[in-house]
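I've put the structures underneath this note.
Two complexes are shown next, each including chain A; its partner changes from chain B in the first to chain C in the second.
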Partner chain A sequence: MRKSTTSLTRRLDLVALLGALCLFLSAIEYMIPKPVPFLRVGIANLPVLICLDLLPVPLVLLVVLLKILGQALLGGTLLSYVFLFSAVGSLASAFSMLFFRRLCGRHISLIGVGILGALFSNTMQLWLARVLIFGEGAWLIAPPFIALGTITAAALGAFAERFASRSRWLAAAREIT
Partner chain B sequence: MKLRAVDYLAVLIALLAIGGFSLYAYAGRAGAGEVVIEASGAQWIYPLNSDRREKVMGPLGGTIVAIKDGSAAVVDSPCPDKLCVHMPAISKPGQWIACLPNRVFVRVRGTSGEKIDDISY
Partner chain C sequence: MKHRKLGVFLQAHATPGALLAAGALLFPAFLLQQDLVLRALQIVIVTSLNALTGRRVRPAQFLVIAAGIVLFNLAIPTGKVLVAVLGLPLTEGALKTGLSKATVMIGLIALSQFSLRSDLRLPGWMGGLIGRSFYYFELIMSQSRRIDRKDIIGSIDRILIEVQAGGGPASGSSRAPVRSTLKGILALAAVVCVNWVPLVYSLVHPRPFWGV
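Up next, the complex of A and B:
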């Protein structure tokens, strides 16, 4: 009993740390110049990719929630419709990434997980844009939007994969959780 | 670091999605109209997305209408001033080309709703 309590505390510590990392990476994301408005590198998703194997599903979702809130606070979009896009996109990617990672296990790397997560997130956001704002015209930006999302997600997934296999901090975190 | 089986599948799915959306957003829309040719009291309707060359007869002779790459144009007509031949190719619903001397009227009719001119962000 006592052991499981400390384990939960440690896990929650990890959630807090990863949430803070999301906040920090969101700030970095805002500093990156964007030639087109819908291009995002999505580096704030890095902690989410890393915690997929590390934490149970509810805690992964907690990290995602912290990421959504952190991004909204930094961007000042918490009370605007942009928040809806961010939340829907993040949740879609989180659920799809969890699904594919748990389903395919060793047959998928974080690169594939990232690509599928980005695909689901972007498709949901496009659908939302179609329903809420632009109507059918929203599909016109779909091809470049999804293509760029796939490229950045693959790059981020490659980085996450590398990080996951080399980081001593992560190895230590695996021990305690 | 090595790509695994499902990674390739993920890339494939993403490419298919990009291809599918491209087809739906661009090709499907540009060629979604029909070309209506009216001459000598008759009417011919051709899809805008298949290339063809049609000759329709008017009082002066044959007017040749060509449909190519999703747009239609009059390439030859026996009229004296050749205004219809000089008119730019039409591709969007509502656009038209007329050859008054030969009584040929070519217009594009949309099969799906109105097309958006432009979007800005």
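Up next, the complex of A and C:
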């Protein structure tokens, strides 16, 4: 009983650290200028990609929740549309990445998983943008938005693959989980 | 430093919860505003408050966001044609919709920034987990200069190992919570009243969309 409690505490500690890494990467991303606040390169998704194989589904979703809430609290956007875009995009991306990774296992790389996550996230955000802000004009932004999302997701997926194979921290974390 | 006086005052005299409550009272005053000029005035008031509380205000970013939203709305012409630019009609309906959405978007961001302080503690174990995450975030930020562009993976890896090994407080942020004082509550009440004045004015003296 005590052992399982300790194990859960250590896992939650790992979740908090992954959430912190999301916030750190968000802070870096914040410095990149963009025409609309929800248009992001997506580097803060790196910890989510990394933890797909590391944690069970509920804890992966907890990392995503920490990312969404942490970004909103630090950026002060919790009570604005930006939070809605962030939440919908992040959750769509997380659910799709989890689904495809669990379905295909090692037959799909983190690059493929990342691209699929970005496609689902961008589609949901475009739909929200159409409803809330841009109207039908949202479809004009769709091609560059999706193209940029796909390219950055592929790059991030490649980075995540390298990180997963080289990281000593991740190797130690696997033992915890 | 002078810019942060209000921020220092609120930090000492108002809890994050009181600030959030004041912010919640500001939202209806902003969202119910239909007069574009007065809505812009409210944005100026809240943005000024953000500057006074030491928040980083980026007018250029707001302008880029507004321009983007207006442009995308202008792409779908509706209503009377005001002028044609390079053969493309600039219509009144699209311009109104674009400006309205742009001011709502910017205003909500400004209001949200005013209402939230990073030491806001959410209740329950989730609040504790967020506090722990913020603690790790501060540790990572303090080490961020050690990230080597030539070895990004290796340097991030080393930081994560050290941060996790360092551990830390069992839960939450290290900042001590403060109690709201009468001074703090009066200051927040004044902020709320100042923001309600434009709405009350527009309800008493309703004007067309452009305010003239």
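Throughout what follows, the second predicted complex is superposed on the first by the 170 of 177 C-alpha atoms of A that agree within 3 Å, B and C clash if a C-alpha of one lies under 4 Å from a C-alpha of the other, contacts with A are read in each partner's own complex, and residues count from 1 in each chain.
As a working rule, a residue touches a chain if its C-beta (ideal position, glycine included) is under 8 Å from a C-beta of that chain, and two chains touch if they have at least 3 such contacts.
Predicted, not measured: the structure shown is a model, and the values here were computed from it.
By the document's definition of touching, of the two partners only chain B reaches A:I115; chain C does not.
When the two complexes are overlaid on their common chain A, residue A:G70 makes contact with chain C while staying clear of chain B.
In the superposed three-chain model, the partner touching more residues of chain A is C, compared with the other of chain B and chain C. Once the two complexes are laid over each other on the shared chain, residue contacts for A:L23 go to chain C alone; chain B is not touched.
Judged by the touch definition given at the top, the superposed model places A:R162 against both chain B and chain C.
With both structures placed on the common chain, the touch criterion links A:L140 to chain B and to chain C. Residue contacts after overlaying the shared chain place A:V82 against chain C, while chain B stays out of touching range.
Of the two partner chains placed around the shared chain by superposition, neither chain B nor chain C is touched by A:S7. After overlaying the two complexes on the shared chain, residue contacts for A:H107 are found with chain B alone; chain C is out of touch. In the superposition on chain A, A:T150 makes contact with chain B only, while chain C stays out of contact range. Across the superposed pair, chain B and chain C both touch chain A at residues 37, 134-137, 140-141, 162.
Those residues of chain A that touch chain B in the shared complex are 37-38, 100, 104, 106-109, 111-113, 115-116, 118-119, 123, 134-137, 139-143, 146-147, 150, 154, 158, 161-162, 165.
Interface residues of chain C, counted against chain A in their complex, comprise 23, 27, 55, 61, 64-65, 67-69, 71-76, 97, 101, 105, 108-109, 111-116, 118, 120, 122, 126, 129-130, 132-137, 139-141, 144, 153-154, 156-157, 160-161, 163-164. Residue ranges of chain A in contact with chain C, taken from their complex: 12-17, 19-21, 23-24, 27, 33, 35-37, 62, 65-66, 69-70, 72-83, 132-138, 140-141, 159, 162-163, 166-170, 172. Of all residues in chain B, those touching chain A in their complex are 1-11, 13-15, 17-18, 21-22, 24-26, 113, 116, 119, 121.
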